[in-house]
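A, B, C and D label the chains in the order they appear, each numbered from 1.
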């Protein structure tokens, strides 16, 4: 079965680029983080600020990431990010992105993130929590 | 005479915000830098990558900046930036931004930037250069 | 009376610089923010994480900033930041930085920051709060 | 044979952290990039600005990166980065980092970077170039 894909575009800016004139690679992870958030906002119908409260959780920190950089991008480039709808596990999810420039694959990235809430015994700690069924159900409708 | 204004909007993201949950203030200067570039791209009809080459210059580094922060913004906020068309001097220009949240002024910023090119005697150095008349003429049409 | 000054040094890195090969100016404000925090940590004898809890406050967001950029810096430069001990008002303080490269002034910056705590009536809001006398007393010893 | 390791430490700052109060993960890649540069500077005995010129190359962009995040870090944490001396291939190298907090592994990261120079036929393009033997020889002495 084909994966359901959501697309989004971004412009690469001067301040994202380094003295070689190309994007400084950590900025791609800012882009992918914004893209993950944008997908959640679309699926859940509210901003991240709102859904953290609505689902009483504390975010989805990264636990594992892999990226390959095939082509460079530079300021002035408009890139398209194709993101596969998350594959939810009990307390985590896998999500992957493909970033394209002029229709050609420039970066591919796969991430595993964990769903966390504050530890009720120690509010300074966070711990993995099951992804709510309602969240999974709302994503099932995304891109369908 | 009323200043001509160009507007642009941005979303504030999770990664722009700090542990207080509000935007980390240097990120506003990233936003204003993107906004200045977007205005130049609109006026000159090409990307920054292209216009640096077309006008044989090396950028417009900041020489003086002032900002006042009146309201906080946080992730999920959509903000509007109103930027006044630059006031060009011989080799520099003044530009000012107002960032609004829900129609209310959150940040105001005034900048002086200098137009630089590489020093022909030492390509590792940059020096102030007169702003091309063609650039000034193209801006005269912007927002008119 | 001469102002008391605390100094600190930083290296400018590749990822702080833009395609012109010089520092992207918002990164200076990251440096000055780290420098302000380092001074508080030195004066109060604990990390920011610790002193936010010890003094039950929520940070010192920026309300007004002014900077002048006199010389450029680039990756590989070691710069020195000279920061004047804060001038405390009731619920705010003024602080100023001078960033030097090879002993020459490259950037000067003056900031006004406000001391905030969470609003007891609405924990999502922050409000200005008097700077604790103990904090002011500890700074009186700094650099003395 | 045990890998030769070079260590370096960094402080995690407020501006590196997100509204969850922990480091925003792309900032780790800024840290690892600074660490890679610091190792090259140590091995080659000059700054990156200097060695790009001395060896007439244009940088070592990332082509493949993998990271696992085992423990969170937050502002005020002093972390230690242990980096293995690069394993040089013809025109690329592998490098790996372990970031520790209180002696415990928090992040591990492996990178493949390519050695590039400007394309003589098109200075706007970069292309892979063999790593100079002198660079490899200087690294052979590092940490030995």
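One rule holds for everything that comes next: a contact is a pair of C-beta atoms (placed from the backbone, for glycine too) under 8 Å apart; a residue touches a chain by one contact, two chains touch by 3 or more.
Here the structure is a predicted model, which is why all the values come from computation and not from measurement.
Interface comparison, A-D versus B-D: the higher number of contacting C-beta pairs is recorded for A-D. Using CA-based centroids throughout, the chain positioned farthest away from subunit B is D.
A straight line joining the Cα centres of subunit A and subunit D is 24 Å long.
Averaging Cα coordinates per chain places subunit C and subunit D 28 Å apart. Taking the mean of the C-alpha atoms as each chain's centre, subunit B and subunit D sit 32 Å apart.
Listed for subunit D are residues 14-15, 18-21, 24, 26, 30, 33, 59, 74-75, each touching two or more other chains.
Taken as a graph of touching chains, this assembly is complete, with every chain in contact with every other. Touching subunit C in their complex are the following residues of subunit D: 13-15, 30, 33-34, 37, 41, 47-50, 59, 74-76. Across the complex, subunit B is touched by residues 18-22, 24-27, 29-30, 33, 58-59, 61-70, 72, 116, 124, 126 of subunit C.
Residues 14-15, 17-21, 24, 26, 74-75 of subunit D touch subunit B in their complex.
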